[in-house]
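One structure, as structure tokens, below. Some questions next.
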């Protein structure tokens, strides 16, 4: 019985991606990144539940990688710890196999391309889709390469490819990404930097948010990198549909553990 | 056939698997590197510095005593005589000139054994450019003389404390720095690895080695080209340098020597072609050592410069296409070969380089074969290791 | 006028003040050294090895940044790029060939900093000859990397435990060994010191430096000869090498730099021309540091290679005749000059060599003057000293 | 009164050198080398007295030098110690200023050329001669150089130049030295070696002794280097007029002190 229900749910997902749906919400979206298997190996599901309970809009589940070269020290360390704890691609998939029985908000897997490649790209897409994942962020899978080689795999599995743009990305390229991103969102990196390396926003970044805003893209943008509190969340979302918090959340987790989640999220929304 | 194609691939290896944050830097480089480096001005300046500053051409030295011992014709390409002690400086001279033409104001680099770090710090001092070198915290400890050299040269040495705290992590840190400083900074990568166009660019700068060999061999031997060119492979830059002009001439045999560490199947090895699978490391698709899950595994070799879990995409292609013969050599055999070269020819090689010399114990050559071996670096940096190993 | 006369004297300096036990060895050498070393065969073999093995010609490098800083035209003669890291090998290559022609079967040498010991051990490995190096017990401790290198090269390193346990005592021990082994052994002395014909022989082998400078300067600069040639003086071999072909041309200024240690008048110094008087050391009449009684006093310098109480007789004569200008440089000024060269040009000099570079702070040159400085060796052996001094 | 006697004695010496006289003795001569100022600074005179009392024929007083390159470790070490004790050329001359009031056997000063040069060669010759020294051994003052520059200084002061020969010295040169050595002796170095480095005599050396014997030189030879006991003394003197003991004597001194002298000498003469 349960299995049939689950399959139906999946079928439903294939028709209308949860990300697409969520983006239609009238409010500014708060998305949280966390590293699977951290602080403890079996924390993954519990964290997801608590995030949903705190009214987070969307979650990026980090699939830890030995060499996360787009990440700063906080996420690196959490990845190293998670790997030591025993996380692996298969282990994560097993942990979240039934996740859609508990979690309704959109879920995105964020990882690096090599583990996906070793798993088999098609198989990876199929398996995450079966679990109920809605999209993937693979920072080192370049947009053009994805377009040429893996777009089909994503589409067959109703997975969104979330593409990063940075202050250095040309307008031309942004417009092209906008066209290809369809009903997903664009991950707007607040500055050219690794995760966790920003301290608030400077005028430069605000100008950049505004510039992108002026392009009137069809795809909503969600800002990532450098958001850590109510102030930066407000700044980021004044020009974008939402914002992602990663390093600041991991730091909180490593200090206060899972019980800190609710307070942290509330603080972001309402200080 | 064996060189890079217009998309940045060697066969199925290569490419540029980089985060969007790096794209402008890498694009800028890709669009400009050939235009600049092939220009007459650049070539003149590059070769002037190679001559007056680096000390090129390095000799091609016929090793009488090794040749007698192994009954074949062994020539040594003396990159150990380059300023700073290894071939690495050929590349850093090229890249610093390129960085200047691109208007860059700051240089970063990774280093394992410290040779590339020293070569980078050196050219930065020469050009008066600030320089940050990333080096694994563990390597900083085991390569103290090179750390001191970098500091004497005015470079800032930053310890990579992440991951296994060795070369691959230093590379990650350098890439992170580049991501964080996309406009004024050039990243001088130290081998034929990384995203396109790095492997091709570094190989071209190092190709001065094979060009010289070709000319020198004609003057010095009875053959107009070698029967074999032979080099150790860490990332693969000294090998790329000595193979380069012979890549398409299949009458010239290509031999690549990897570090087997304590033995290919001991779990403490860096023999990438034997132990690796296709994957992505530092922005390029190549062979690399990884677990089933695609996590990069930590290699082991007694030599810090071969202690890298990947090889350049050119070498992956040479391996897959069987154009090159791959041989792996244990720590012990390499150390013995280093000892032998010291005692027979009065040349103490870098331990990286010593691996290449261990081939003669493993593989026979014909008496008439001309084997040119890249003596990629000198052993000054390795004296502590030699002392401990041989109880000197 | 400034070179050796047929009796082995430079003015009133030189000669062969040796015990009767050494006479046959020294006579044999004196009678044969020119005949052999000037022969066509010898010259061909010598220059072949200098080219293919040592890496000659070494570059003459125009130092743009130093020239700008000191407002004159500074060229560096890059002996640091020689195999083994200093000019010393030019001489050991020459002497090992000579020893072979004389039918010698065993080589001995003294060493202070270890550079000459390494250069000797190197050529002995190359020629397959047994080799014993005498080194002061104190120097063995402070130059550990070079001791390791000698051992790697198969040399036996014997500690000189007599006297002050440094270079002069190592030289005494080597001379004693030669006395005890008069027939099969050649003593490869490491500088332009010792009884005639050593100073002349070593100077001739090192003169390849000035010959190259002459040729290179014509190709590279607007002048056909230098206004000044400049070198540090320990025993004086690198200086003799760069002065040699300019000795009689008084339009070329000659500058010799000695180690003042902590200061010429502190009692801890090696500034022989300032502190010495005429006397006899190691078989030659020259200037040397001694007390009123004629006992040789112990010099001091931060650099083990300048820590010698005498200078070669050629240099004593250049001093006495005022042909050369003598300048002495303290430890501190030398270390700062080494630092400056590292930071400005990316070249870490031996601390011996660094003394020569300290001259620019003390003495002005004209903007148009071409000053050629002998960059006699690289600083790899001195990293520990630099690290401690600069707290790296 | 004393002074006048002393001067007369000197005058007598100038007429007939003590060495010349001693060489006419019918027996084989035993000469002893010791380092002035060793073991203690003020031992010099006492050692001379005891040597004469033990019937030694001749003594070489070593003037210590910082860099005694013809000497082996034993004599080197004694020289280093003597210099530390405070010996110097002037100090030695002061110690032995009145030596001829006590000592009648021939006395030779053995040293290196540099201290003599610094003292002034002429002055040195004059002063030692005034003291009553009969000859000089300066190993690093080459024979030909001496001939050209310093022969006169020696002759004016009735000082003998004692020249070394070795197994490698050519016959031609030996004959020339023989001619120039007049009434002195030739110091026949038993083998090409530094002092103290021989262990007894091999056939090679005995052959060499015999060869020199066969030249029928007019100048007597005294053998040095490698004599240490009755056996080597007998061997050496079977072909020569006498023999010199140096290192073995110094070794004895450093072990047993001055009281060992008499026994040591007796043992050499009669085991």
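Observations on the model:
In order of appearance the chains are A, B, C and D, and numbering begins at 1 in each one.
The rule we apply is simple: contacts are C-beta pairs under 8 Å (C-beta built on N, C-alpha and C of every residue); 3 or more make two chains touch, one makes a residue touch a chain.
This structure is a prediction, so every number in the text was calculated from the model and none was measured.
Steps from chain B to chain D, taking the shortest chain of touch contacts, total 2. Averaged C-alpha coordinates put the centre of chain A at 67 Å from the centre of chain C. Distance between chain centres (mean CA atoms), chain C to chain D: 38 Å. Centre-to-centre, using mean CA coordinates, chain A is 98 Å away from chain D. The multi-chain contact residues of chain D, meaning those touching 2 or more other chains, do not exist; every residue touches at most one other chain. Viewed as a network of touching protein chains, the structure reduces to a simple linear path.
The complete set of chain-chain contacts reads A-B, B-C, C-D. By the touch criterion given at the top, residues 51-53, 55, 58-62, 65, 78, 80-83, 85, 121-126, 128, 145, 147-149, 151-154, 220, 339, 342-348, 379-380, 383-384, 386-387, 390, 392 of chain C touch chain B in their complex.
The residues of chain B lying in touch with chain A in their complex are 15-21, 23-24, 162-163, 168-169, 172, 175-176, 179-180, 182-183, 277-283, 290, 292-297. The touching residues of chain A, when paired with chain B in their complex, are 65-73, 76-77, 80, 83, 88-90, 112-119, 139-143, 145, 163-166, 168-169, 189, 192-194, 197.
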